[in-house]
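Below are the structure tokens for one structure; questions will follow.
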């Protein structure tokens, strides 16, 4: 049995779904944030897989790998900013619980 | 990469991903995330993307996770207190996830090209870092510069948002 | 004069941002208003220069075409007005950010929009998923910061968190969608993708799947139902200038990307029609949701948020009617472009007046606008203009926008969308005119005199004039929008091969 | 163009000028207004006399009023035998009534207004007479309706007068509904509304008998309304709320006869349609009989005369229906004289008795109001067909024509002749003979000269109008002359007079009571119920439906529903991030399903 | 010249908002506008026909969009109506206590919009100018109205706003129905295209129904009429006069100018629908009018009802019908304006204008009674007034509709319409009787006869009605050649 592209895509998709589920199910913002990272990485996995699959001149498609690189960088920046906001929120409200931050509604 | 290794690392990635979601303790979640990412890095290696795999370990497992843990510690967040479990929300979220997975499954079934194996590379050992670097700094310079701006902005943001209040 | 390379505009804006940061760091004075005025002047000058940029050039990431130039002007204009707002808003802002002296900590608030502007400008030109992603994230991340900027006000932080989480979620979908598109076509450049789709046999189901994921991400940016949920909360919580920036800049950029991204797929059999159908459904839902949910609102800022969703619906209607290839009446691109231009003017006008009035009435509910016609006929007239334009009364820019949107929909034969559009326009009449009624019918409930800074006054006047001017003479905008097609036909082949 | 061609215009315009002058400038000055009005009508009378003796100028000049392709409506005049005699009748009686009114209306608050309206009426009536086309006739037809409305409602503070005016106008409008439709039908095939053109293209109209009959009957509707035929007769008795000169002029002599005149004018259309003729004759017969029956039990002097008018109008219509327009016009002419006389006489009595109209409160006026009595007698005898007086000749002509057509038209006519004699005798006996039954009646005396002179003139006319004029109206060659007809007519006259005399001589109150007749066959009640049951009900229903269903349910309901939907939609915006993420996911899954799998 | 007619009120309105004396400026502008419209009316060369006084300014060359004004006979007539009613409306305006400048500015905006719509020879501006009146009406009713003014203001604004968009769709659809290379907003060019058959018959039905509904809502076509009575009842007098008298005619003008000449096949296709709806206007609304208990509501309903006659003329699609409809528009505008003007005078005494609260006013207010009587009779079709002449023409036109239409349906509609004449007599006379006849109450005896207020504004309206009523041929000859030219042979 050989590994096909779909194997990777399936793993990536499941990882994405798990992350997504985490966002929907968890109530701690920090963990939600981790789950978002999972989703981004799921995308990375399929990108790399596609990059390996769509060979250009016998080499992986480096466009995609550069994109993965960018995604990782952006994710890091996002984490930094996001955590800063979460910290600021915690300082203001003493909570990281999504159910406690619903003063803006309707 | 041999299928066995693939299954191993895939299982590891997915299992610890589930652990991230399932763990009540944030620290445990964070650590699970690290393990999951390590598995992912291994999968990258299996796809001949060595540079990405290394970056993955360095940036994610190294920097990002430390940041997470650091914040968790800083805010002293304990395990999620046992609040009333919102069953409809859980059921709803679960259903949506299940539906998404089902859709993904069907899509993959219909993706015939994806059922073929990977073609071998032209040469056994590719100069991965050089190629990525070359692409990044030559043709892909513009997005790279924009990323620089992005990081600048993020830096300012973090400074602004978390600088101490001077009393 | 010799044509300026297009990229120099972005470079100039970035330089401005960095200079502002440096001034913030090294200037002794806490009063940064002079610096902001300089920025405003600089950006205004850049708008002037933008008409002289070389209309050719660009590369695999970066297109130089009429659409790009047009949206860059919009981005610059938005940023200018946002800076004016920021000046007007600074006293409120100062209360909610930590600092020793009144002006401290404001410098970043002025410079971040400039960086955002650069991001928006890159988005306008982006024709490769790489640049699209990166510039989109530049914009998004600066918005995370700006929305949560008022650290002492928990509403601002709450808005920041909501925007952060949902924004990141949408980014996840966007990236995953890009992945799929790349995987199926092997390309990230839009022109190359189009080429690939024309030449290669691409499996339809995965393509649709990837496209849908992409639409989720972009739908979030343009506030389309069902990805609109963040909008009211974030708009209400964010500092008002940022709300304005979000509702105009972010949306405009979202639409330009949406238009560009869709282009390669429309011609693919079995894909284009379906995508347009799903966009039409989204458009219908968006119009309905935005306009109907706005009816019972009592807070003006939140009302504008819902209204912004409603307008996204009209814009989506135009996108969903993207069949005409010519630039005549009925073309979706023309409709989107003009609509956004009009929307920009009138929305910025409303928010600017909102800031002034909210400061003097100590609140941004509709009842705080009671009797504004007596307290300040000037502001009342400005806001009247904005409301009329938003509602779509002729002789305002908003009307021409709606006219073009409906023309596109009629051209495409989407009469059910048109019907929903008409119904929701009627709903729009109600809630926009509620403001007018409050201003003109009611007696003022507070009579503190309203003082308006000269720059603000001038901006309000200029925006009011522009709303009418482009409502009567649409040709300047039409000429700007006219030009080569979306994707540069040169340099089709990407370098990565 | 010869001078004569101008005269018709003078006739027509003089009253208009007077009306405009009075309404605009001399409302404040009663005397001046009256003078202007009288002068105008006298001028018209003189001009009419000139025209009468002048040559026939059938095609006097026309003024285009409407000129569209396919629809030319000129304002033009027809001068022929028919219109000439009608001009004389209208202006003659009109002049007398105007003069009479000088006294009758003296001191009335609205004297100027009265004369203004009277002039307006003269203008409109003359317009009908002169009209050379349907549309122009319809214009003036409507105008007489309005002036009639204004004059009936002259004493507008009286509720009954206001009601009567409304009733008259609306009832007439109902008739006009048919009239206009008939005009449209004729026009649609003949291509013109001008009488001469239609006559020239008659074959187009008569091509389809059913169409013709329908059209003619619809046109006849106009006459039914204007000439107060059953079933649209109800307005005329109520119209007696107006000042008596008005009753004399409009509601006895001229306007109500306009229907007859119109039918005579378009007789060329009626002639080819036997079916229409039968209907017209039947309506006429029913009207004359019913009205006569009603008249037998009325107590108001003017109302009795009004029902008598109805009855006589029925005669005329009957005459038209039996294809004897000449007889109809003849009767119209004589009737105008004696009925105007009777009304003016009654007016004199009422005026002298301080607006007492109940005949049972009169009595014994024979001696006190000598001139009035004498002239009234002449009118009375003429009306009941006393041989030798004008009414006898004209009635005889009608009876003859009816007899020739069929016994079923003749018998009601004969019966009516009997009844006429009966109820007029009743009136005559009660009012003039016996004792005065009220204070006012005891002190009655003749009015001033301006009042009695018109009476006298009319009295003379009533007597002699039948001599030497019949050839003017009736065709030269009588079809068949049956001796039995005059004999029966005289018999009916004698029987009726005798009956009335015997029954009512010396009575102080009515010895017989027939509620059916007294209550006018319950027409008013029936119509009131009909209006309440249909129109008012429908109106209320429409009003309700409009307010609650169309406006309430659909317009307000829709806007309410939109608002409500908005209100509900807000609850999606619950503020909880997790809920947002869930809805977001739901949207993703849903849209993927829609796009990829649907 | 036409541009002046449009812009004088606009400039005056701006002047007033910037501080010019309100009433004087407004009146001056109204007089100027009236004189100009009269001048246009008198100097229009009927022999030459077609659009005259043309002037244009390019707006959007990409769409061949120009600011193009011009007037043919129909526009000239409508402009004259605008001039007359505006003058009367501004003249008759009572003393305004609050925000006088805004009041007059709004009125002037309305009239500018109406004049602009009538003078535009460009579809886009035809549409746009009309909308100029929407918001001023909203403000006028809401600020200075009476009774349930807020509800009424909302209803009219949203209803008409929505109607305008339906109309807009129709116009767009019409624009797109023309082959792409020939697309234009220019009505003259469009007319040429239509006459040479370049708007295919199959493509005419859809735009026409949009136009019919869109214009129909603006005209209060049954069943889209429920905005009208309440709005007119609540609106301040001049606003009601302008709206009912002039602005409502815009929809009809649009049908006459755009829908029917350009889309004759579409019009024929939908003729039966229109017949049903217009009978609804005449009979159903007529009956509802009878049921009204307040003068203002009754007048509002009656004006809705009379639209049915105009529609009848339109539906016939022949020269007679269209000409009659055009004249009826003119006539109805004047008569309803006069009625509303006088209702406004009565409102000073009884704000609710309930019919039962009056009575016997003819005794102490003879001038008002006289003038009201004239206007009332004019509106129910008294000969001598233009209403009668035009209604008559409409009936003739409708009885013999254009080829391709089912005459028997039209005959039925004419029967109903004629019955409507009876209905209108019923309600108008009832109202007149309730207000002016009978014995006056004690209070009413003290009310002064508004002789002065009547003198010019109402007299102008009635005089115009009479002139047109006596010489309808002269007025019809303005519009008739135009219709003859555009109607398919």
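Chains: A, B, C, D and E, in written order; residue numbering restarts at 1 for each.
One rule holds in what follows: a residue touches a chain if its C-beta (ideal position, glycine included) is under 8 Å from a C-beta of that chain, and two chains touch if they have at least 3 such contacts.
What you are looking at is a predicted structure, and each value in this text was computed from that prediction instead of being measured.
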Number of steps on the shortest touching-chain route linking chain A and chain E: 2
Least hop count linking chain A to chain D through chains in contact: 1
Of D-E and C-D, whichever chain pair has more C-beta contact pairs: D-E
Farthest-lying chain, centroid of Cα atoms versus that of chain C: D
Closest chain to the centre of mass proxy, which here is the mean CA position: E
Taking each chain's C-alpha mean as its centre, the one farthest from chain B: D
Computed distance of Cα centres, chain C from chain A, in Å: 26
Between chain B and chain D, centroid-to-centroid distance (C-alpha), Å: 100
Where chain C and chain E are represented by their mean Cα positions, the distance between them in whole Å: 42
For chain A paired with chain B, centre-to-centre distance based on mean C-alpha positions, whole Å: 5
Set of chain E residues in contact with two or more other chains: 158
Multi-partner residues of chain C (each touching 2 or more other chains): 130, 134, 137, 141, 144-145, 148, 151, 161-162, 165, 169, 173, 205, 209, 232-233, 423, 426, 430, 494, 496
Residues within chain B bordering two or more other chains: 89, 92-93, 96-97, 100, 103-104, 106-108, 111, 113-114, 135, 140, 143, 147, 150, 154, 157, 161
Touching pairs - complete list by chain label: A-B, A-C, A-D, B-C, B-D, C-D, C-E, D-E
Complex interface listing, chain E residues touching chain D: 155, 158-159, 223, 226-227, 230, 284-285, 287-292, 318-320, 323, 360, 362-363, 366, 370, 377, 381-384, 388-389, 392-393, 395-397, 399-400, 414-415, 418-419, 421-422, 425-426, 429-430, 433, 436-440, 471-473, 476-477, 480, 484
List of chain B residues in touch with chain D within their complex: 89, 92-93, 96-97, 99-100, 103, 106-107
Parts of chain A lying in touch with chain C, wherever the complex brings them together: 9, 16, 19-20, 23, 29, 32-33, 36, 39-40, 42-43, 46-47, 49-50, 53-54, 56-57, 61-64, 66-67, 70-71, 74, 77-78, 81-82, 85-86, 88-89, 91-93, 101-105
Residues on chain A engaged by chain D in the complex (per definition of touch): 20, 23-25, 27, 29, 32, 98-99, 101-106
Parts of chain C lying in touch with chain B, wherever the complex brings them together: 14, 21, 59-62, 98-100, 105, 108, 111-112, 115, 118-119, 122, 128, 130-131, 134-135, 137-138, 141-142, 144-145, 148-149, 151, 203, 205-206, 209, 494-496
